Amino acid sequence: MADEFILETHGLTKEFAGFFAVRDVALKVRRGSIHALIGPNGAGKTTCFNLLTKFLRPSAGQILYKGQDITAMAPADVARLGLVRSFQISAVFPHLTALENVRVALQRQHGSSFDFWRSKSVLDRYNGRAIELLNDVGLSEFANTPAVEMPYGRKRALEIATTLALDPEMMLLDEPMAGMGHEDIDKIAGLIKRIAAKHTILMVEHNLSVVANLSDIITVLTRGQVLAQGTYAELSDDERVKEAYLGAGHA
Amino acid sequence: MSALTDDTLPVTPRAMRDEMIMFAAMAVLLGLVPMSGIYPFFVMQALCFALLACAFNLLIGYGGLLSFGHAMFLGTAGYCSAHALKVWGFTPELGILVGVAGAAALSVVTGFISIRRQGIYFAMITLALSQLLYFIYLQAPFTHGEDGIQGIPQGRLFGIFDLSKPTVLYYVVLAGFLGGFLLIYRTINSPFGEVLKSIRENEQRAISLGYKTDQYKLLAFILSGTIAGFAGSLKVFVAQNASLTDVHWTMSGEIVLMTLVGGLGTVFGPVVGAFVIIAMQQYLAGFGQWVTVIQGVIFVACVLTFRRGIIGEIAHYFRRSL
Amino acid sequence: MQALYAQLLVGLINGSFYALLSLGLAVIFGMLNIINFAHGALYMMGAFCAYFLLHLTGIGYWWALIIAPIAVGIFGMILERTMLQWLAGLDHLYGLLLTFGIALIVQGVFQNYFGSSGLPYAIPDYPEVGGFRGLQGGMNLGFMFLPIYRGWVVVFSLVVCLATWFLIEKTRLGAYLRAATENPTLVRAFGINVPRMITLTYGLGVGLAALAGVLSAPINQVRPLMGADLIIVVFAVVVIGGMGSIMGSIITGFALGVIEGLTKYFYPEASNTVVFVLMVLVLLVKPTGLTGRTA
Amino acid sequence: QDKTVKIGVLTDNSGLYSDLGGAGSTLAAQMAVEDSGLAAKGWKIDIVSADHQNKPDIGTTVARQWIDVEKVDIFVDVLNSGVALAVNNLVKEKNAIMINTGAATSDLTNTQCSPNTIHWVYDTYMLANSTGQALVKAGGDTWYFLTADYAFGHALERDTSAVVVKSGGKVIGTVRHPLNSSDFSSFLLQAQASKAKIIGMANAGGDTTNTIKQAAEFGIVSGGQKLAGLLLFINDVHSLGLKVAQGLNFTETFYWDLNDGTRAFSKRFSERMKNKAMPSMVQAGVYSGLIHYFKTIDAMGGNPHDGVKVVAKMKETPTDDPLFGKGTIRADGRKLHPAYLFEVKKPAESKGPWDYYKLVGTTPGEQAFRPLSESACPLVKK
Amino acid sequence: MPDLKMAEAATKPAGGAEVLSVSDLQAWYGESHILHGVNFNVKAGEVVTLLGRNGAGKTTTLKSVMGIIGKRSGSIRFNNEEIIRASSDRIARLGIAFCPEERGIFASLDVRENLLLPPVVRSGGLSLDQIFELFPNLKERLNSQGTKLSGGEQQMLAIARILRTGARFLMLDEPTEGLAPVIIQQIGHTIARLKSEGFTILLVEQNFRFASTVADRYYIVEHGKVIDGFANSELSANMDKLHTYLGV
């Protein structure tokens, strides 16, 4: 069981002052798959992410990651177990260069982060790997640009590079393509596909062509609850999904 | 806290070389003071405050945490050292050790209370803690209230250096300052410093990368408090007294002023700022009543016209980080 | 037991000063994002203003209650227009440092001209109504002798506090102000003259400080440093109440007065520290203060 | 012969005590130089002055620099006990002189006494002694203390209680308030409830003036209780106004309207002051102390740079000046002169600004200050 | 610039007076020069869309019109009034409303306060009921803190609040970002309806497919300049060019 599904939730519920943002969600993410979480706005997708990465505390339910109960863990610990997220609103370290952004993540993995008596030139040995990662997301030319000066789409790419630097077993991507131009979307989509060879990915995305192209399996959430689950082909015929998410005119 | 750091430039290898040259120049210049006819006690006092301001700067400039109560470390270490030297008759090195240990212990406790608070709350809670401590010291018998601990013996450091000789004392203080300064410099440019900067920039993101940010901030706070305490212990040998003024909140304000004048988040700014402010206090002392007004004007002018501080402005002009 | 009632009442009176002062601070912080370190100095200016009105022009207490806040408020607006304005969008720190500098200047100048020991200001003795000469004298409540003036202070500041709360929380003004704190550019792009609104609000906050100054002139010496130490306590009140929360500071102000009063009775040595201890405790439990909005 | 001396006026120019000393102390020093007539005898006398901001470390740094670089021979004023004790140590180490006219702590001539220091005007022991004794004698035999909760307040309270008890009175209670409280009503209510005849204020500065003001408001004095200030200056009365301050009792060693000598000096002084203020006892002390110093160095003929020697000489010579009259300096460095208990006039009794005091009693110098027999000063041979 | 001339020729008025005309607009962020002479116009009742790669300067153009870019030069005429020097509050009161790409929801205000924040500058805006009909989510979450809304709900709120003000000229910066397909369709309907009621709309979009359902005309922005423009009717003829410009 634990081998097949890297992440499972049982009865996951989050209530905000009487409002159920997530209600009784049972999610099973297969190891090595790209799992998409879609649903209308306010369905509870981001809240789910927040629950899984412990940025929010569930009101009820249980989360199992690699068979281990992580329901009561702290966010940093979850990240250390290899379950890492990106944010819906782009999150970079604005005044660090792209290279340094990635290096911060690499550094965490390799310890020595508390060493205040050593020169940071010890970090230079991560430069090679960092540049590799930047190349992967097409940011090599930005290596020495402070993140704040990069265009929006590039910041998203940088965020993915930083997440990848942790070499997580499982990545949660919250709308990785939002706000990106077409070229970037293609680039990132290709990237995600490549990553998926070695990692499990749970992804929220509204861009349907991306969802269609990438995802192995899709869970549709509405009003905090699971409405349906299946492949893109299965779901695009589902009347309920059409009504709740895809809209009437969807071909 | 991003607005604070808009002007800091990423440190490049060239910047590090510049800084090493600056440091060497500073060390040589300061080393020459006793031969120059400049009054050494003035420089000694300035050095103590410079180290204090550097310690403060470590927290605000690189950790994004504004402590408005840093005087508590200065004063606590001062009282501990003074008491150890005068009442227990400790040797200077042990006296310093007691002071630094006192400040370190205090920084662990206060850091634990304050570190989880953000931004302005952090400033306020440190201010409140230092004020709490001020009232405790005001009433505690061993501090002798507003009279302070007076006439502290200077003694011989390691049994060799006679600290009552101004020149010897000067070099000891200078060595202490340079040591502290290098430690801070190294901290800023260490793997730890990098993490600290990233936490300042985006704490949520740092957490999601698996950093327990509170621990990093706490370590920065303890380092800063301990080094500030070291400055306080050194100061005891210079001033030969320990008094309430060192724990009063106006002292915390002065620390901020020094750092601001020199340049927040610059390596050498706090040093320059401390010298400027201490010189002003000494030389304006003759201006009598206008001292506070002049200090106020400097605050205002600094914030309004050269927010980057002296060193910050220079660095910005040359597009270097100093 | 009777003594205890007296202490409670006296605490409430002090609380009204805390409430008024922290209210002004909360307005300025919550709406403009400035930690107004000059608040104590402006409070002092209010008291001095009352003194000047009386001794230079013969204008008495009742008019001073209106004129002084307006005059000091205008002074505040000039400060805002000429200095604070330029700090919009910068870190809190700069506002705090600038106003700290302003406080030093104002207090220094007053000290140069008026010395440090202060000036006298009497409790008003007019109008004569019934058996009362203005607000002078007192009445015996059985458990204590209550000076009329103290009673007046409580009632008046309560009214002012509630009126301010209403203005800010129950009218559109408050929403504009809060939004402008977060993103002034956008609010301006909605068609609201943000700079003018901010200036007026700072004037309001400062006016409240000055009002507290006038109120305190008859019971405290009018001294240049009268606000310097008070300000730290008031900061603590605002923090406990939750920075920027209007009602929070009002309630905390009054409550702190009472708690301090009780401490003065049971363990007077700690009456200066109790507020800070309280603040540490509150922040440990509730990081954003009692009623603060999340940061 | 070296006939140059430099005087350092180290005072609080900007803080809480700047009215007491401050610019007025510098003026008093200038007047002393002018009146000494030493310039005509070939002496060159300079005055430097500085603000110690009530901070001991600033005080010592300035003082050290004055001695090392500016060659200052003698320090005057040095208000604030903390600063005074710090400078006291330094002056001893460097063999300079301090004539302290501003600090209250009686330690300067007790445990911390020094062959280089003379304590001129007043100290806590004297204040407690004079005020306590006189008031008990006048029938104020039950006391309640309102004490500032720090070393200075405790010392005042302790000394005064001792005197009260010794004179046959009784202390029926004490309440300790924190330093720099702005509100005293709670404490006053407790004092009022105690029904003591005298409420002794063992505090200083703004604490005292606010206590007095609020006591008037709570009808304490009109209710029959008396307020006794243990450390009050004429500037405080001036700032309170007679309406509030009337009926207060306290001790000073100088008042401008004591006699022709004091009046003549004070008139000249106040004309030269920015705000036309009359001299405080601290400022008067600066003048008086320097006059005595000038007389001594003139008698020595020159080379006045050995502090211990000059001070020893000063102690040998009896003092006499128009402000404090005839007096002596004891071996422990204590200057002796009479202490006066004053009562503040009612508004109707006052003839104008600064006409504030009625003299109620005088204690001769020998009885007012701590007797040598009780002294812990090592300079006193027993 | 032969391209541009062609573009202008191609976009000669299809009717209606010019509401907005921008010529030689230059803009700077601090030291960096972002817009290098932008030229375009919008006529009454039109929906005009700016297309372009990330970082081309689309948002900067809108912000310049709104008067919230520190340094700008050139000419921006709104209803024949020069507004290049005007302050943004004045521009807003002339009847221009702006929905920023980062949404600008206020954390310290609840949803209701956010919605009611922009003052009504003119009558004729949507009523609250109409707004709730459009975005039912908002009605449910009225008392929630503004930034506690989901990303998409925030986008809805940002659009909704400017519809209330009665401004007749709307500038929407990537209004569909982060919205579910159902909602995007709704927004498309809304834009169509607003247009039919005489609103004029300047749109910035990445989602070309969406833009093509609502726009009358397009301009292509690249490196801080408008390099091309054509009407919706000419779309199919220009598909190749679009490919090279945008990589669609």
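The chains carry the letters A, B, C, D and E, assigned in the order they are written, with residues numbered from 1 in each.
Keep in mind that, in the parts below, a contact is a pair of C-beta atoms (placed from the backbone, for glycine too) under 8 Å apart; a residue touches a chain by one contact, two chains touch by 3 or more.
Protein names from UniProt, one per chain: A, E = ABC transporter ATP-binding protein; B, C = ABC transporter permease.
The model shown is predicted, which means the values in this text are computed figures rather than measured ones.
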| item | value |
| --- | --- |
| If a chain touches chain B (ABC transporter permease) and chain D alike, it appears here | C |
| Relative to chain E, chain with the most remote C-alpha centre | D |
| Chain of greatest Cα-centre distance to chain A | D |
| Centroid distance [mean C-alpha coordinates] between chain E and chain B (ABC transporter permease), Å | 51 |
| Geometric centre distance via CA averages, chain E-chain D, whole Å | 77 |
| Separation of chain A from chain E, taking each centre as the mean of its C-alpha atoms, in whole Å | 30 |
| Residues of chain C (ABC transporter permease) touching at least two other chains | 108, 111, 269, 272-273 |
| Junction residues of chain D - those touching two or more other chains | 14, 18, 149, 178-179 |
| Pairs of chains, among all present, that meet the touch criterion | A-B, A-E, B-C, B-D, C-D, C-E |
| Chain B (ABC transporter permease)-facing residues of chain D, complex | 13-14, 18, 22-23, 48-58, 60-62, 64-65, 68-69, 81-82, 85-86, 88-90, 105, 107, 112, 149-152, 154, 178-179 |
| For the chain D and chain C (ABC transporter permease) complex, residues of the former touching the latter | 14-19, 149, 175-183, 185-187, 189-190, 192-193, 205-206, 209-210, 213-214, 217-219, 223, 235-236, 238-241, 243-244, 275, 277 |
| Residues of chain B (ABC transporter permease) defined as touching chain C (ABC transporter permease) within the complex | 1-4, 60, 66, 68, 113, 116-121, 123-125, 127-129, 131-132, 135-136, 139, 249, 253, 256-257, 260, 289-293, 295-300, 302-304, 307 |
| Chain B (ABC transporter permease) contact footprint on chain C (ABC transporter permease) (complex, rising order) | 35, 83, 86-87, 89-94, 96-98, 100-109, 111-112, 232, 235-236, 239, 243, 269, 272-273, 276-277, 279-280, 283-284, 287-288, 295 |
| Residue ranges of chain E touching chain A (in the complex, touch as defined) | 53-55, 101, 137, 141, 144, 148-153, 155-156, 174, 177-185, 206, 208, 246-248 |
